[in-house]
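What follows is a pair of complexes built around subunit A, which joins subunit B in one and subunit C in the other.
Let's look at the complex of A and B:
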């Protein structure tokens, strides 16, 4: 138990940005979006499970998806996909020893691209 | 006349078996002094029970690594001006991820043991012709002769302290050790590739690159870890097509 609680304390330091450089934000974003996307996957499977309870149950559930709160949730999933995916590309590239001295610039570019994509998706989702 | 600043030096204090606390000392300082000068003055004029490590005062021994305002620094080359403003607080703490022995001193024995494991040499020899002419020191060495020089890595442990993965996974070899393996040369000692090609080796690195950001000696551990990965993958591909190579590597 003590070892486990020590691990939790030590792992909590992953999310402490004090005295860290920009690339730690990349590390934190990847961990948080990965946890979010994993949670979403379970949620997605549960909602698909509504199909097994017949068309009425599924249609009733789909009505929920029209609420603004649900749309915000969907946008959060889109944001997580873009940020995790683009940051992931940076990590794959550098893991092959390519452009390692430029990883910071690649991270900034990836995040700017991601934010542009999120804004475009957000505008389409909330104005369509 | 030298510029004078008034700052508060906030020092982490912890003796074995005691609870950690901070000691605050108001000081008049010259902003161009280095942080280690302030720590020495705190010991000399305020509290002789303060424990800290230092030796060379010119970034060669790697003994005075500490966290200064949360950031890993070699305090002998970190000017006061670069980390605090006039009237501000300068916080010094021991390195993370190592057990605290006393106050600002940590036990880095595990790091040194692992550096030995990968065959890191504190002194290297370079062939005269391997050094670019503009960086070749003046001396009698001719092509074919060796220059002896200190290794870039001074084993200060700053990268191990800054690495969040080493923080949660103490079995991870860590950036200094992997960089040491890269510097030792897997070409000369192929068994090093087997050692680093493991869950606690190069594959545990999560590309945070804090190691490179804090390294005071331009070792660039992040780049070296990625280079090691490239060599490991290259070696694996080679062994697919050349079984004899497998036998050589696994020796």
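Let's look at the complex of A and C:
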């Protein structure tokens, strides 16, 4: 197997959900959301360049955001922010040796809190 | 049992790891404010028009907060992405290229984003 195939196989293994523990689900959520958010960040910064071109360019661009497909994408970004951020807080505190034996409870609480935030933003986005 | 937190990876200095870890909670707070503003404030329930954005940037602390958000999110994401690549065990040459490319991306997009913030705040 060459180096490039090795690279792909190793990356693919991260996202194989079969027989995974809660620990690995936490890892998968963190990694998937991290990659998605990084891609979105650069896309977002580039598209915000429309602001420099004035009101017509920006307001025309914003008309795209009214489509349901865009709103689904936007909700995915919101979901990724909360799941990555809250799971990240668990990683930060345990990295400093705090609450290590309570990691499972912290992870589940973080995901529940994340889901509540996603529902609140989702309702706002699709009903406002 | 769930795995214990994060430690610096092989090829990642303690300072880079610390920046990634410290910027995380800052980002959660600033990103939440950013999302609330974009969906709840403004004439149409969020910053949905050019004039909403310009008006929002009139308060002095908004460009400052958005500037901090920009720099921290770029640092966090690029150091994080470098960590993901480290897990794939890149060759020394590839890692050297990635170090330079990510540094250039970070500096370039920070400069571009800060310029954009200054332009909007000045209108």
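As a working rule, the second predicted complex is superposed on the first by the 124 of 128 C-alpha atoms of A that agree within 3 Å, B and C clash if a C-alpha of one lies under 4 Å from a C-alpha of the other, contacts with A are read in each partner's own complex, and residues count from 1 in each chain.
Basically, a contact is a pair of C-beta atoms (placed from the backbone, for glycine too) under 8 Å apart; a residue touches a chain by one contact, two chains touch by 3 or more.
What you see is a predicted model, and the numbers here were worked out from it, not measured in a lab.
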item	value
Touching partner for A:86 - first (subunit B), second (subunit C), both, neither	second
Subunit A residues touched - subunit C or subunit B, whichever exceeds	C
Touched partner set for A:95, first subunit B, second subunit C, both or neither	both
Contacts of A:18 with subunit B and subunit C, given as first, second, both or neither	first
Contacts of A:119 with subunit B and subunit C, given as first, second, both or neither	neither
Partner chain in contact with A:51 - subunit B first, subunit C second, else both or neither	second
Subunit B versus subunit C as contact partner of A:34, first or second or both or neither	second
Which superposed partner A:59 touches (first subunit B, second subunit C, both, neither)	second
A:42 touches, of subunit B and subunit C: first, second, both or neither?	second
Doubly contacted residues of subunit A, that is, touched by subunit B and again by subunit C	7, 10-11, 21, 23, 26-27, 90-91, 94-96, 100, 103-104
Sites on subunit B touched by subunit A in the complex	67, 69-72, 96, 162, 164, 167-168, 206-210, 213, 220, 222-223, 226-227, 229-230, 233
Touching residues on subunit A, where the partner in the complex is subunit B	7, 10-11, 13-14, 18-21, 23-24, 26-27, 30, 90-91, 94-97, 100-101, 103-104
Sites on subunit A touched by subunit C in the complex	3, 7, 10-11, 21-23, 26-27, 31, 34-35, 37-38, 41-42, 45, 48-49, 51-52, 54-55, 58-59, 62, 65, 78, 81, 85-86, 88-96, 100, 103-104, 107, 121, 124-125, 128
In the complex with subunit A, residue positions of subunit C that touch it	1-7, 21, 24-25, 27-28, 31-32, 35, 39-40, 45-46, 48-51, 53, 73-74, 77-78, 80-81, 84, 87-89, 91, 109, 112-113, 116, 119-120
